[in-house]
Amino acid sequence: MKLSLIAKAIGISFTGEDVEIEGIHTLDDASSSQMSFLDNEKYINSLENTRAKAVLCNAAAAHKVPEGCIALVDEEPYLKLALASKLFAPAVIELEGAEPLIGEGSFVSDKAFISKGAIIGKNVKILPGAFVGCLSSIGDNTVIHANVTVYRDCEIGKDCIIHGGTVIGSDGFGFAHTKIGEHVKIYQNGNVVIEDDVEIGANCAIDRAVFGTTRIRRGCKIDNLVQFGHNVDIGEYSILVAQCGIAGSTILGRNVVMGGQSATAGHLTIAPFAQFAARSGVTNDVKDGSKTYGGFPLMEQRSWLKLQAKLARLLKPKIPHVK
Amino acid sequence: MKLSLIAKAIGISFTGEDVEIEGIHTLDDASSSQMSFLDNEKYINSLENTRAKAVLCNAAAAHKVPEGCIALVDEEPYLKLALASKLFAPAVIELEGAEPLIGEGSFVSDKAFISKGAIIGKNVKILPGAFVGCLSSIGDNTVIHANVTVYRDCEIGKDCIIHGGTVIGSDGFGFAHTKIGEHVKIYQNGNVVIEDDVEIGANCAIDRAVFGTTRIRRGCKIDNLVQFGHNVDIGEYSILVAQCGIAGSTILGRNVVMGGQSATAGHLTIAPFAQFAARSGVTNDVKDGSKTYGGFPLMEQRSWLKLQAKLARLLKPKIPHVK
Amino acid sequence: MKLSLIAKAIGISFTGEDVEIEGIHTLDDASSSQMSFLDNEKYINSLENTRAKAVLCNAAAAHKVPEGCIALVDEEPYLKLALASKLFAPAVIELEGAEPLIGEGSFVSDKAFISKGAIIGKNVKILPGAFVGCLSSIGDNTVIHANVTVYRDCEIGKDCIIHGGTVIGSDGFGFAHTKIGEHVKIYQNGNVVIEDDVEIGANCAIDRAVFGTTRIRRGCKIDNLVQFGHNVDIGEYSILVAQCGIAGSTILGRNVVMGGQSATAGHLTIAPFAQFAARSGVTNDVKDGSKTYGGFPLMEQRSWLKLQAKLARLLKPKIPHVK
């Protein structure tokens, strides 16, 4: 899409040479055919080094836009990003396109629905009520249980099991906010990739990335009712117990264990092999993966146990000291 | 239904002039063609002022029933309410009735199911596996993703997005209890109204009202796996992050923010603009909407942080003071 | 299946008389035609008394295997169990077999799917998008709402209501682990039994047993988004409020009440009539069912309230005592 058209659509004046923009990404990850945005001064270094062809930013940051990159200046660049994201959103469902390909030995229930352009591997089983969106793919030997929903553009690997009711590829939770408190959707134009040998329990929710990919790596095992925000990256062989939640953009190293009802904040990095007891609440990066953590705020699990024991003693009646 | 028939069905003796009863509602909200009930002495004022045509109550309260209102006296009025509620429950699915209306430009998958009497607006998209119950309506431009369930009698506004697996209009969680500990269902004969410009994430659950309406107001944005009890009322532009829960009859003002895994008790009123950190547990009304709250029990978030810091210091080894 | 074939498939050398093995179960519950396993020294007594025809165990325990029982010795018996479990896993879906039986007066939507060998009672309602797996049964008068998933081999009683999106019979969360941190699925070859008069809310997840049965007993009432691990046993008339979770193998007595977002650890026994406030975290057996508990770690709810009040006072500025 021509930048001039984007600028017009989102209400920013733009003069100069027009260019073709193929999508939107972060300052760090945008290619030279994409546009980007600066919504937080702490990313100013990323702005100075971006390869993006154009950037939404405010006037104060405009002079940091690198040569060859076009500044689209506005006092609310994040709001303009939201408006621009809609221009790149693919259709919810494609009615035209290639018939889906179904691999040899696969069973697809006639009460499931496989969308245009989807590719189903060999020996796959897709049960009644399952939905596979446009251009999504399912690897060999994978089982998609009844009433699973896989949105468009997602990839599920080989030898996976996806249990009933789980939703893969729903929109991430991202909005810009107007001055009067309304919320403007940032279209989530990324996808979800589930690697090989992953099992996902019933009624989980795995959001697609805003840009790029939400990724669940090889060999992860996920229990029921688990929440994944957009752009999370779950390391190989991690174990996530029921009702836990991983907020957006958090990265788990390999073999992390998240206990039941535990949760992380967003934008964190968790060291490989770290273990989190049930109900842990992780709000900072975890750099030491050799330990078991617990509590909220988070501490080592043995410290949390000790602290709780101390607190419980506050309830004991005071026994007067007798000399 | 004739009151004499209701009384007979629920095992209460009734003499006097028979009347037609059109439904059941609370003492405050019952019209003069409905019946009501008193199950808690604290609502005695409501009893004295009710417009209901008949009231289930115990003998002690019977003399407070206003003139023109018929007292149906029983030692277990709440249990009798449960029995009566069943008499007014509509069919789970209607096999007869008007064909659904589908507005211009709408796409309804032939693997979705639109029930009798439903009304679908213009430019709506309804994906495979979605279910829209009898007499429910979907506003213009709304997207209903795959495997969404909308029960009967519910209304979804314009420009909404409902993500995969979400259930709207399931029965609220209401039971009367017998003396031997069995539970008798109170049929949930109300509905759910989702206003315009609301987005609801994947695998949420929004219960229909017992009487009246569970309402999610204009512009609310709701993440995945969020729970709404019956009769909640969520104010305009509120934001509810993943895995939070709002218990029955709680009212949120506009622009309230509920963090991930936070929750409220039932029957609360939360001031507009109040913000709740992740894992907040709200058990009382919140009257000051200018603050951010956290913790369980709830306090200001900055107090909670200070308190947790103090508690963590209890773990430090005591260093002897040296003069 | 011949034991010699099993041994070969899982890589254990086996000589001696061959026997027919019909399945796998725990040491305590295995019949004389089943095999079992010892993965934890604390069950050594169970090993000595097992009726199993063969047992997977390590060399140290082999001499405790009772007469008539064949020891299959390996340094990683739990990993071998995982491999063996796959041999007994039934097909995900049967394409051959008896047509399902539908009882008199029942309504089954032509957009629901009833699998081979399933038995549907009288006056049942099965709404669009619901799935009933092979050989499963649904009792008289039960309502299965839209997009419910019932896996194979499960039983749902009479007079039940199962709300939209709920999944019954998904695989329990059980894995053996290799030395390099990979996880090997223990196939969950048990089932789920829901007894009569149970109501289950929307988007719950109820895992099938690894061996034997996950059981929800008569008259239980379960809210939305509730998690049940494999092999739990929920006592009659228990009430489980939204978003709570019961971990694997935990047994609740009758009329237990679990508050919203509460949870239990696995392998616990909870006394009848015990009540747990919202957010309770139960990590030990509860023997006194006459009380209301709360907090995490768990204590009596009134103690928890007292403790929280004390802690809140730590925030108060210290006022100097004036004589």
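Labels for the chains are A, B and C, by order of writing; each one numbers its residues from 1.
Note that contacts are C-beta pairs under 8 Å (C-beta built on N, C-alpha and C of every residue); 3 or more make two chains touch, one makes a residue touch a chain.
Just so we're clear, the structure is a prediction, and the values are computed from it rather than from any experiment.
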Note to self: chain A rotates onto chain B (CA fit) by an angle, in degrees and to the nearest 5, of 120
For copies chain A and chain C, work out whether under half or over half of the interface numbers are shared, and give different or same accordingly.
-> different
So how far apart, in whole Å, are chain A and chain C when each is placed at the average of its C-alpha atoms?
-> 30
Note: chain C residues in touch with at least two other chains are 111, 129, 147, 165, 203, 225, 243, 261, 311
Which residues of chain B touch chain C in their complex?
-> 92-93, 95, 111, 113, 129, 131, 133, 147-149, 151, 165-167, 170-171, 173, 175, 181-183, 185, 203-205, 207, 225, 227, 229, 243, 245, 247, 261, 263, 265, 281, 296-297, 299, 303, 306-307, 310-311
Interfacial residue positions of chain C with respect to chain B in the complex = 107, 109, 111, 125, 127-129, 143, 145-147, 161, 163-165, 199, 201-203, 219, 221, 223-225, 237, 239, 241-243, 254-255, 260-261, 278-279, 308, 311-312, 314-315
